[in-house]
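Residue numbering begins at 1 within each chain, and the chains themselves are lettered A, B and C in the order written.
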Amino acid sequence: MSVADIWLFLQQGVLSGLVTGSVYALLAVAVVIVFKTTDVPNFAQGEIFMVGGYVALFMILVLDWHYALVIPVTLIAVAAICALFQRVVMERVIASKGVGVQLVIATLGLAYVLKGAVRQTGLGDAPRSLPALIAPDTVIIGDAVLTRLDLMILSTALVVMLGLYVLFNHTRTGKAMRAVGMNPKASQIVGVSLVRIRMLVWALAGLISAVSAILITPKILITPDIGHIAILAFAAAIVGGITSIPGAIVGGFIIGVAENLVGLFVSTNAIVVAPFLAILIVLVVRPQGILGGKAQVKKV
Amino acid sequence: MKMDFDKWALAAAAVVLAVLPFIASGYILYIVNLLMIYIVLALGLHIVIGETGQFALSHAAFYGIGIYVAGIINNAWHPNLVISVLVAGVVAAGLGYLLGALAIRMRDIYLALSTFAFGEAMQWVFLNWNEVTNGSNGYQMSPAWFFGFELTSDLRAYPFTVLGAALMLWVTVWLSRSQLGAAFRAVRESDVAAQAMGVNANVIKRVAFMCSAAYAGMAGGLYTTFASFIHPESLGFWTTILILIMIVVGGIGSVRGAVIGAVIFGLISELLRQMLSFQEIIYGLILIGFMMFAPRGLFSGRRRTRKAAAATGAGSSGGTQA
Amino acid sequence: MNDQTQALLSIDGLTVRFGGLTAVDDLSFQVLPGRIHALIGPNGAGKSTIFNCISRYYDPTGGAISFAGADVTRHRAADMAALGVARTFQNLELFNDLTVEENVLLGTYSYGARGLARLLRRPVAANREFAHHLLERVGLIDFLDARAGGLDFGRQKMLELARALAIKPRLLLLDEPAAGLRNREIDKLDGILTDLASREGVTVLLVEHVMQLVMSISDRITVMSFGHKIAEGPPAEIRSDARVIEAYLGKGNLDE
């Protein structure tokens, strides 16, 4: 491989990686906000993402609605499903004295149900894709090639992240969410409804996942099994620091870029195992991730 | 009382299992063989998660290692199955100890995620190390042998899987009652206090990892007594989760729970395999249902001593005030 | 105090720094065998840090810790029990889901011994008898099968004490044993500790805020403030020491 080739691969890998990375970043944020607020790693986040894609697909292909209608309805539908699940199922598990592992298994149950349900509709019989929102014109940056869709994905993701920043730092609800994440009991004392906040956090995570699904589905082929993308979201969250939202974003971009570079420089086969190696390396070397602050030491 | 219930249950199970080969079809014997494997797997996970409180999600990886090791040995040398099973167990145990050494520095979610990542990385190795495992084509295994007797059917393998499961159950109970078992539980409850009592928490955690991997490896070895083919697809996260569900539904920390949970969910999982459509939805709903209405599982993990809540009526489980 | 008696526990120039904060600064003191020694001082004085160093959960930044003449500064926490050092915890570290009996039984097993073979043994009658004896002593014999986490606070503290005694310690480190106890319970604790020291020769080092107990049972008191030792001596001296009074109150006295 010549130096020129390497340079080309690098540019392409990084830029394409930033695009897919922005989607992983959003999913990672979804995972992190649920984890921070409820201490539950949501193993259904990938399937929620998948459902977002299929709901949009259904509306466009079957109902023949316009994107302007499809997008908001999809977001609301997915957010509602998530809020409902948290309110009805998870709260019940908590009330029945279920703790961590039982809550996680409940999310696994959700993952199975969502996957099965989508398969039942028949939409998942063949891999499909959403029609593009923008003309697929290419844009050249340096030596790398991106499409206008890619740029749209990237910019939309950044806008969403900005929106989240505003939400968490400048709104009461956002601050309440953060408070619950830091100290649920104290939050209750100052009048925050834990049940309501948990429901809102799940809804928000669902919303973010649906956004990422709508963004990426025109670019790739969607199948009911695409939920396994969640592992990349988890890897991103761990790399960035599973208790840090900015960390999740940074982690997402890193995973996206790394995935592309591994694919270009190593092999496409290696792409599959890369996130697991990333998780292992980060957890052994610096478990709190890049932005996770100090490593937690148990107080004696 | 508790003790009598156990003895009755075991006796009844022994009778049923003894009679079964004479009246049941090959398919049913296959299911029972499979359930015996699940029981050993569940007991192994019980030791690391239920007894020691370490959420190791790498179980299927060690099961896979056990299957491949035993399978390779069987194909190459056709030794006595006891040897293949033991070697499978030892190899898995060694790797389990190493994983433990890495993972014990981590807590809770980090431990779970790193062991999960290890499990996935191992599945990738099974899928891609073509020279050894034949990768995504799956691996063909020749029958196991026992002193000149070749195990070519589920019926022939049956006594071995049943005895294997019974043996591991006995070992588990014995471990639980030993000082090592007490050390496992102490580490689960408070590794800080355990250290103050002289228990080296790090060593105990590594031993727990090792034991659990040994069980999984041996389960893999036992699997080769009645199965002739293995594909890496069944050696990943979802299999580990299935075993986890078995011990959670049975009741974390309870040996009875692990066994009953293995039987129940082993049956559910096989039954659903028959129903091609809806299987995922039903499986998911069953999980959700159990977690919503019986998250603590069927059996309590806490051991009750033989004393009837005697002494003074103050005492029993839930303890309290004067 | 007889200078010829060798100290059971000797702290020399102990310094502990966490990042930029110096929690303990060049602390030295000795505890003689069979004595009850108290470590007191306002919150933030570094007392628990010292405890955690002695019981080896923290590594000191400088200085040395000796137990029975041997340097234990770099020992592992799990090694201390075999040497005969037991402790209780400020925030309770019980084996919550185990029974009262199981908590204490654990201390009767010999984990310090080398060899996995010993671990594979079942506990014997002697273990159980000893555990019951200890539980009787702290008044918990009627709660053998109770879940440790479900006991009321005072009883939980007693359970931790019984569990610590199960390892047959030469040195007992008690981290705020009287915190949250009612007067009746404090009196009982007083009795147990005095017995342990005078009749069984167990050495006791306690960190404590409850002055009633400290003044009643201590042979010697070391007073800390912001990581430094500011006074040391028998209760009578400490009670009227101006520096001590100032550290706690600014003005006033220590009589309750």
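Here are some notes:
By definition in this document, a residue touches a chain if its C-beta (ideal position, glycine included) is under 8 Å from a C-beta of that chain, and two chains touch if they have at least 3 such contacts.
Quick caveat, the model's predicted, so the values are computed rather than measured.
Among the remaining chains, C is positioned farthest from chain B, on the basis of C-alpha centroids.
A comparison of C-alpha centroids places B closest to the centre of the full protein.
If each chain is reduced to the centroid of its CA atoms, chain A and chain B end up 33 Å from each other. Centre-to-centre separation between chain B and chain C, using Cα means, comes to 41 Å.
Centre-to-centre, using mean CA coordinates, chain A is 49 Å away from chain C. Among all residues of chain B, those that touch two or more other chains are 192. Counting only residues that touch two or more partner chains, chain C has 57, 89. Of all residues in chain A, those touching 2 or more other chains are 300, listed in ascending order. On chain A, the positions that touch chain B within their shared complex are 35, 41, 89, 92-93, 96-103, 105-106, 108-117, 119-120, 231, 234-235, 238, 242, 269, 272-273, 275-277, 279-280, 283-284, 287, 296, 298, 300. Taken in their complex, chain B has these residues touching chain C: 175, 177-180, 182-183, 185-186, 189-190, 192-201, 207, 253, 301-305, 307, 309, 311-312, 314-322. Contacts from chain B toward chain A in the complex involve residues 55, 102, 105-110, 112-114, 116-118, 120-121, 124, 128, 192, 241, 244-245, 248, 252, 277-288, 290-296.
Interface of chain C with chain B (complex): residues 55, 57, 76-82, 86-87, 89, 93-102, 105-107, 109-112, 116, 118-123, 141-148, 150-152, 163-164, 166-167.
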